[in-house]
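After this come two complexes, each holding subunit A, first together with subunit B and then together with subunit C.
Moving on, here comes the complex of A and B:
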């Protein structure tokens, strides 16, 4: 430290500002208990999703059952086995990957659609805005899950099923990603639009226009950086919602039966009648994982919101 | 450019020769820098049409600094913004010419104006904090006009922005700073750097020193003065602070209720004000040599510009008002010392006054109430 000597106990005041970007915000989020806990839980699950093989071996070992049918937890099978004698732990870890990938992709789709439509319709206004927002209202008003079920069936029909792959993703997974994206972009778009409406009246937007910047330039370089905090906070909450939606769709049998996800596990447990048979090890781990991940995202999301949202910040 | 010989300033510098970019294609190299003639601007409001600027004429030469003064709402900013047609959506230029290098900008389309905005006439905005995007580095923002106006790629624009920062007295490395990390004075310097980005001929300072403390104010004015001398800029300084104009400008234009009250060399106008409004304005200004504790105020309020009084707009508040003042718009008369006044107290100016600065005088006052 090269700072001049300060009286003992006096620390230089570091003004954590809204603008000094990502690093300061991350430090603040991790400085809060909710942010830190959420972050740590997610680190664990992300590690599992990235390298499931390290803990339980490749997916092949999960597919071949080698244990007792519906066996309770034991030394060889810490989380017990399913009705085909497969290790639940093994399935669970691989399911983590699928669930997280779906959540991640669905979040990207949602946030990109929501941010682009929100910024453009807020900035451009007029008929485009009116049309976009009526469509958004439609998606906000219709119960998401009912819509998701119908859409899944329709998109399945359009895209077809089977083991075809698009961008290395199985089509049935992609269907779920698209469905989640379509059903959840509207609230993001609404939030970002309202912020854009306020931003476009600010003097720096006028100045940029006077300087000669085009609308596209202003939206990309001036509005987007200013709504980035909303996008990030929204993305985190969307991720939690996406995982829940995926679980529910899989649970009612609209998932991809060939790819284990947490929802698939729950669905399998239900169809075997695991709860009635007292085979709690079949459904409790998957349920716990879902609750933990959603909980972690919610914690992280509220921490991010508190750090990045200027209104909440001034209240502290 | 070879025709700069006749545009040499007393100190011997050929101002147009310093331009980085050639003059616009249609420019007449011998024409004066800027001639505004009969500029009239209206704002349409739900409650009626506001005559914000009415028949304003002035001229700006290379390297000159013109101050536009007057109280709030007298049309200073509107006049300046209409030079490059940056008026709010409800504002329109109804009449008049704005000739830059002899090119009339008023009939130009938005697209054609793009050639002149910022590249020939740029603006230092008031309130630098608001005019800067809080989440972008100032270097990027200063480089923005270079990027969008001159089509320079991002890297080049950023390098140029650093040079500009150095020019206005901010260390290069501060280009990476965010606006809130700079002091008020530095932010204003950054705004000046942004105005200089495309090497303009004219820089309009719209209250560039408002909300700055006196020391910083002095630094900013000094900077503008230095830049004017070194870059051969011409300045239009809009302010209600007469001391700022006294310090930096060659000529001053006093506006009242959308019209020119008096215009002329700063020294003449400030030492021997002719228009009663100018006299009042100067009397309302503290004089450090005088022993007075109180200042004169001008009784009354400026007129409602939706329905201005006929005749001289200052007449209702003027102590020297005569019957003619409330009926006939005073014509602008010229004096030999280069001052132009619109007041019935001076029906003919002094007889010796040649039609000096402007090509043609404005049209004679119409009889009866002017609408």
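Moving on, here comes the complex of A and C:
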């Protein structure tokens, strides 16, 4: 697809961001208390995720764990220890990295699938659109979590779980990334599609078509920039959902003990019976982290929504 | 209600269920325990024997349409194959024995959460910006951010391990079934309290948030202004005019949400060792009992699709605008 040379004045028009632009939107979001709090919480967790080794040393194993078994918080082990004598703090910080990275990758996969299908089916229309939206509706209705469990198990059994790593993440965990992408793209696709439908009818798209721009060019240069705001706002909420799904999948036993995530820690806590033994320190830290991160994404998402939505409304 | 609307909705539901069966069929072919793979792994089998077994099981026929038709037929008459873990038991029997505990848990939790969540959301939305709204919305947002099992584990520590008010796990005290029916019911209820509280709390957050925004949207409608102009009392406007109209979108949302509730309930059952479909799913997962996993998936999917159909039909009755 060769993009035709655009005559002067037929530059791609970005309608979604007015004079303020993306920088203005960010300033507006951070100017709201919910946006700011959400942002700050995420900054802290990102810092933890970037360099866990520097903060708490390498991930402790059954051999390097030196504390008492299921010891309550003490001066040496501020968050207590697990059943192997490992420091919960050490596990927690390393789990932060795993959970955040999986959440991030899963969000990218989900949003890319959703945005591409949404833009193409909205722009192209016809049978492709009808089929894609049918499939999207199907995924919106069925209990995708049970499907995710089955898919993860099957993919792992077929591929085998070696110790291969990609991006420093074990293959077994990348399965979860792919499965989250497959099962949760549909709401993104629906939102992007409806926005594409309304953009398609606008004058600047007509103009581009008249000058001879190809469909691919129009979708990339005219539609995509205009749905970018929506994609970002949606990605924030998708991130929260991805963290929750990863946590839940790990909790039902699909995590990787060699690369524990928050969900994997909670699964370990449950399987040694920590709640019944009153060993609250085993699961409260990981649980708190999950709630804080999801809460932060929800706050940030609603702030973004409030900043971007008035514009969406006025355009209707 | 318009007949065409009903027929269309039922048609869509049937199509969705067919798609689920098709997906289940494809998953069966993908999964590692499929008959061919198991056969090929055994080194002592001769080629003739393999061919004979394949013929017996119909595996020599083309995947589509022959095998698919056979699969659809078997599924239609309720033959979902046999469990790998519980040897000799059919998938239907295994799943059926775990059905009621889950239905009771989710059903009661939905009732509690709808009652509490909708009232809290309606109150918060009606008194938008008040202290009550801030507290209710903040609590809802935090509850909404919590996976169900994160709510459940502290409850065990506080109310079971420390205070000892309720048992930590299970549905009935083992070996204590000598008592009367009433005694057994009491035992069951004591076991039910914590898991039920957990699922309800998990649901309340979401329902309250959505109900709040629904009420806020309703507040600016003309009929509310009219009601105010008539001089009706504030709480009467909320109860008789705003609430019923704000309920409309909730019908659909509650049905759609059921798919997520199922996921949450699975984890809660695991936390409390509640012998329902959730613990069955996790047990089947850890022993890679694919036939049971797919049976659970089929049952839950059909249940959710059915709930959505019912919601659509109710919506059609409640809101005359959609009867087209």
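In the analysis below, the second predicted complex is superposed on the first by the 280 of 316 C-alpha atoms of A that agree within 3 Å, B and C clash if a C-alpha of one lies under 4 Å from a C-alpha of the other, contacts with A are read in each partner's own complex, and residues count from 1 in each chain.
Everything that follows uses one rule, which is that a contact is a pair of C-beta atoms (placed from the backbone, for glycine too) under 8 Å apart; a residue touches a chain by one contact, two chains touch by 3 or more.
Not measured: the values here are computed from a predicted model.
Trainee: Should the superposition on subunit A be reported as showing a clash between subunit B and subunit C, or a fit?
Mentor: Fit: subunit B and subunit C sit side by side once superposed on subunit A.
Trainee: Between subunit B and subunit C, which one contacts more residues of subunit A in the superposed model?
Mentor: Touched residues of subunit A are more numerous for C.
Trainee: On the A-aligned overlay, A:295 touches which partner chain: subunit B = first, subunit C = second, or both, or neither?
Mentor: A:295 sits against subunit C, while subunit B stays out of touch.
Trainee: Return first, second, both or neither, reflecting whether A:244 touches subunit B, subunit C, both chains, or no partner chain.
Mentor: The second partner, subunit C, only.
Trainee: Taking the superposition as given, does A:213 touch the first partner, subunit B, the second, subunit C, both, or neither?
Mentor: After superposition on chain A, A:213 lies in contact with subunit B alone.
Trainee: Give one of first, second, both or neither to describe whether A:104 is in contact with subunit B, with subunit C, with both, or with none.
Mentor: A:104: touches no partner chain.
Trainee: Mind working out whether A:225 is in touch with subunit B, subunit C, both or neither, as first, second, both or neither?
Mentor: Touch partner of A:225: subunit B, not subunit C.
Trainee: Which holds for A:204: it touches subunit B only (first), subunit C only (second), both, or neither?
Mentor: In the superposition, A:204 touches subunit B alone.
Trainee: Considering only touches as defined above, state whether A:278 meets subunit B (first), subunit C (second), both or neither.
Mentor: A:278: touches subunit C, not subunit B.
Trainee: Quick check for you: in the superposed arrangement, does A:142 touch first (subunit B), second (subunit C), both or neither?
Mentor: The second partner, subunit C, only.
Trainee: So if I take every C-alpha atom in subunit B and every one in subunit C after superposing, what is the smallest distance between them in Å?
Mentor: Taking the overlay as described at the top, subunit B lies 22 Å from subunit C at its nearest C-alpha.
Trainee: Can you list the residues of subunit A that meet both subunit B and subunit C?
Mentor: none
Trainee: For subunit C, which residues count as touching subunit A in their complex?
Mentor: Touch list, subunit C to subunit A: 16, 19-20, 23, 27, 30-33, 141-142, 144-147, 149-150, 152-154, 156-157, 160-162, 168-169, 256, 258-260, 262-264, 266-267, 270-271, 281-282, 285-286, 288, 290, 293-294, 296-297, 300-301, 304-305, 308.
Trainee: Per the contact definition, I'd like the list of subunit A residues that touch subunit B in the complex.
Mentor: Going through subunit A, the ones touching subunit B are 17-21, 202-204, 206-208, 210-214, 217, 221-222, 225-226, 228.
Trainee: Provide the residue numbers of subunit B that touch subunit A in the complex, in ascending order.
Mentor: 86, 114, 117-118, 123, 125, 127, 130-136, 140, 144-145, 148-149, 178-181, 194
Trainee: Touching subunit C in the complex: which residues of subunit A?
Mentor: Listed in rising order, the residues are 137-138, 140-147, 149-151, 153-154, 157-158, 240, 244, 247-248, 251-254, 266, 269-270, 274-278, 280, 283-284, 287, 290-291, 294-295, 298-299.
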